[in-house]
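Below are two complexes that have subunit A in common, paired first with subunit B and then with subunit C.
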Partner chain A sequence: MNTLTSLLLAGALAASLGGPAHAQRSDPENPDANATWQQLRTTMFQARTIDTAADTIISLEAPERAQDAAIVPISIRTHVEQRPERFIERVYLMIDNNPSPVGAIFHFTPASGRADIETRVRVDAYTHVRAIAEMNTGELYMTTRFVKASGGCSAPPGKDMTAAMASLGKMRFRVEGEVEPGKPALAQLMISHPNNSGLVMDQLTRMYTPAHFVRRIQVSYAGQPVLSADVDFSISENPNFRFYFVPTGEGELKAEVIDTNALRFETAVEVDAGS
Partner chain B sequence: MKHAQKGSCERSARGRCTAWLSAVLVLAAASFGAQAQEVRTVARGVHVFIGDSGEPTPANRGMVGNIGFVVGETGTVMINAGASYRHGRALLAAAERIGGKPVVLVVITQPLQEFVMGAAAFADRGIPVLAHRASAELVAARCHNCLHTLRQLLGEDEMAGTRVLPPDRRIDASGPLEAGGRSLELIHPGWGSSPGDLAVRDLESGVVFAGALVSIGRIPELRDGDPAGWRKALADLQTLAGAELIVPGYGPPVRAGALDAVSDYIGDTEARVRALFADDTPLSAMVPAAHLPRYAGWALYQPLHGRNVQLRYLALERASFAH
Partner chain C sequence: MRSAASRLRCSLAAFALAWAGLCSASPDIEPLPVEEIAPGVHVHVGHQATWPGAQGDERAGDIANLGFVVGERCVAVIDTGGSPQLGQRLLAAVRRVSTRPVCYVINTHVHPDHTLGNAAFAALAPAPRFVGHARLKASLAARAPFYREALARDLGLATDDADIVYPDLEVADTLTLELGGRSLHLRAWPTAHTDNDLSVLDDASATLFAGDLLFVAHLPVIDGRLLGWLEVMDALARLDAARVVPGHGAPVADWSPALEAQRRYLSGVRDGIRSAIAAGRTITEAVEALANTGVDGWLLTEDFHRRNLTAAYAELEWED
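Entry: the complex of A and B
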């Protein structure tokens, strides 16, 4: 088990010790007060300083009121050039009131170009969502948004359920826009996967759908890592990630995805940035 | 009646006064506790409880959407059951008081909380509840979640006694319905606003109850819908109704021409979402990008249009994995 997996587990454990996450109330005006966050902060960052006046480093876009609690678009933007001597090494995405509040830990390198990431998450209740940037030099910066989302009868008719399972692990991977050598290029990775949390009961059978979700994603360009992520079931079904990498010429952009059933999926796209 | 009557009594080919009450004839205001719900009579023995066009709130007590009833020689058929056990009880009492005939059947047009949550009030009186099989299955599969949410939203008191009751009489296709001494027709136009859509047509008056297939001045909810199937269903309803009134799920009774705007909304939304999807627009940018000013004045544009846009975008995305 690597350190980051232990951190994810620690996060889940902290939440379970904190009692049912659903029962917690968050004060929109006071993001520091949430008990889950206070436990996570101690577990993960100990006494380290976290700078919350972080607008020049990291910002987070999330809808104030979610259209659908099961699929809330989250966009993390960073404002630091990824240079070998100083870059954002990790971005933590946390959702205080989710059953497993550490939704994802993204790892970046200088070859990422930018440490931006866009994805979609499940939100169980009114909650703060946090993005924390950790520099390679150790400083921590946090930005916070309050998101109002709650379940309803949100499940649409099961028109595509069989199709969804038939296409399990299918991926679409592409690079968007014009690609220029040395300039960060935007890539999108889409994975067909139900990302079942294991916490949802089928109302007809009264059985819980077993947990089965994407656990790890690794992306490399020309053999160099540009993004890796430890993720869990806070990520919505059909996980979707938009991120950057720096093309240098011809090279293969390759993605590898591993889920909780130890299924492994791979895809790649040839990038020709000219030179 | 003075100006209100103008043009409202048109003789149809069959020589009946088909629209004699289409203006405004408020027969009675059925009392639901402190709040009165307006009842309109749209033809002889054909009545509508006009519901709110917004989202369920403590102020409207969840009474969203229109509920109809048709009174025959021996009995009354309800079209939809209301939003809670209490609402169902009140509808039942009001319909029997106004029509003077016992309710003998409830027809559910769509598996929506405002239409199904009152069903137990009718079932407790031994009144059968009929729906398309696909609707009955959706009620069983997901309405427990809706009930949970409604309890939080409207309070335990308002929802007291409410339970999820999947309809016990299930049909698979269109067909005639004789009930209460009145001849009705059940129409399943295919997967339109939901997989088990039913419309109800009264043969005597020609009035068509369209349920959530028709939403007047209010954004239609695309969650359960099939856009192309829905637009076809609307065209079918227009043909079916001819010159007669259509009672929508939301908003006032209308003539067939008013369904064009509903169809336009579905078509315009689908076209915009497809164009933006094809253009690699990320989900996070979709809601502002798919703003449609023409419909911005309709009830529930916020938040329903954004929700519709996101749902259709995600449906296109799922479909893209199938290739």
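Entry: the complex of A and C
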């Protein structure tokens, strides 16, 4: 059992299975009070200090009110240059009141250039969303936003379940803007995948729709890792990531995606940064 | 639940005959106001508001148009309201008009303002058939926990598993239901407003219950596939109907202007989002840039326009 799986289980037990009816209530003004967070904090970070005066390290953009609870855009920006002696090694994305609160753990390297990440998540209930940066030197920094999932018609399940299964595994991968050697370049990876949570019960058969979601993503440039991520079903259907890497000349930007059924998808794009 | 129905009949009888003493212990269920828009076709027009609304607000849950059609043999109900209580009030409205059995309860799609009143009819004996699109069951199963949570959080209404009633008669393509002297023609559509839209056409009066395939005044809400909805609207426009009951907003006799207004809004969203994607804007940037575009003349734009833009972006970014 890998780290994320055990964390997921811990979190799922804390929040209890079966959707939002049992979700923790959160006080928007008091992000530390949430019981799920307190348990996760102990499990994942033990007694380590987590600095919440984090503005110079990491910031988080999320809508105050989720327009569509199935597609909540999350933008994590970092303000640290990724140098070999000091860089952000991991970014944790947590959604306290989701059935599985650890939404993603992103791993970065100096070759990432910047540890920024944009993605889209499902939000099951009114909740704090947290981004925690872990430096290669061990310090932890956390920033928090409160997000309200809006209205009853806006529920996290996808919009067209049949279509989602039909296009599973299709990917789009591109580099945006002009690419210059040595300068962080922005890439976008789109994966067509239903990202089923496994928490939806068929009320008639009392059987759960099997969990089937993207589990791991690995991106390399010219053979060097620039991003890897352990992710789960808090990530929206059709997972979508924008991130940076540092091109050095000609090289292949390659992404490998693995889901919970051990299906493996690959895509690559040639990058010519000139020289 | 059986006893709830007989209590209701009792209280109605009490109302009619003024034998108040006999039934004084029964809860008073106020029938939903309905209008007979064609012979035997009764419609309750919901409020222009969002579901579930707020506790104590008389509009809470009562936002969708609901209807029933009375045949010589039996009655078909089309959508049941945004809470089990509203379903009871709709049943009371049916009973005020007809004593014939309710043989069908049809849901035009999964959304809670159309389905959560089903439980009131499940208690009837004999029980009606519950009719929906072949994909309704899966969608309702996935969403029901969220709907129940919203009822508890915003209206203080506790529900249990039995309050969510699933279809037992599924429509994959078309289906005709005989009510005695009139038939309802049901049609299941490809993904449009949702992935489980079903329309109902009463042949005797040529009344079309469009469900949320048509919004009047209430901003259309995309919860399925924008491009699919635009295609479905073309097919819908060819149906031969003398009047149309939209999912929200007033029933209309001449419905082409309503269809046209909806087409203008939806194609505006499509075109705006396509341009934003082509210009390399992120989902957040695109939504901000278009937040005030194309919404003139619509209600509830603050509640739904940004949401529509978000959904449209997630759909259209996969276009070739």
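One rule holds in what follows: the second predicted complex is superposed on the first by the 231 of 275 C-alpha atoms of A that agree within 3 Å, B and C clash if a C-alpha of one lies under 4 Å from a C-alpha of the other, contacts with A are read in each partner's own complex, and residues count from 1 in each chain.
One rule holds in what follows: a contact is a pair of C-beta atoms (placed from the backbone, for glycine too) under 8 Å apart; a residue touches a chain by one contact, two chains touch by 3 or more.
Quick caveat, the model's predicted, so the values are computed rather than measured.
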Who does A:147 touch here: subunit B (first), subunit C (second), both, or neither?
neither
Touching A:227 in the superposition: subunit B (first), subunit C (second), both, neither?
neither
Where does A:189 make contact in the superposed view: on subunit B (first), on subunit C (second), on both, or on neither?
neither
Winner by number of subunit A residues touched, once subunit B and subunit C are compared:
C
Please work out whether A:242 is in contact with subunit B alone, subunit C alone, both, or neither, and reply first, second, both or neither.
both
Look at A:176 in the shared chain and tell me whether it touches subunit B only, subunit C only, both, or neither; answer first, second, both or neither.
both
In the overlay, answer first, second, both or neither for which of subunit B and subunit C A:75 touches.
both
Under the stated touch criterion, which partner chain does A:124 make contact with: subunit B (first), subunit C (second), both, or neither?
second
First (subunit B), second (subunit C), both or neither: which does A:67 touch?
both
List the residues of subunit A that touch subunit B in one complex and subunit C in the other.
61, 63, 67-68, 71, 73, 75, 118, 120, 150-157, 159-160, 163, 167, 172, 176, 190, 192, 203-204, 238, 240, 242
Enumerate the contact residues on subunit A facing subunit C in the complex.
18-21, 23, 61, 63, 67-69, 71, 73, 75, 118, 120, 124-125, 150-157, 159-163, 167, 172, 176-177, 190, 192, 200-204, 209, 236, 238, 240, 242
Taking the complex as given, what residues does subunit C use to touch subunit A?
50-52, 111-113, 135, 137-152, 154, 161, 164, 166, 191, 194-195, 221, 223-225, 280, 282-284, 287, 303, 306-307, 309-311, 314, 317-318
Flag every residue of subunit A that touches subunit B in the complex, lowest number first.
61, 63, 65, 67-68, 71, 73-75, 118, 120, 150-160, 163-164, 167, 170, 172, 176, 188, 190, 192, 203-204, 238, 240, 242
Contact set on subunit B toward subunit A in their complex
113, 134, 138, 140-146, 148-149, 152, 194-195, 223-224, 280, 282-284, 287, 303, 306-307, 309-311, 314-315, 317-322
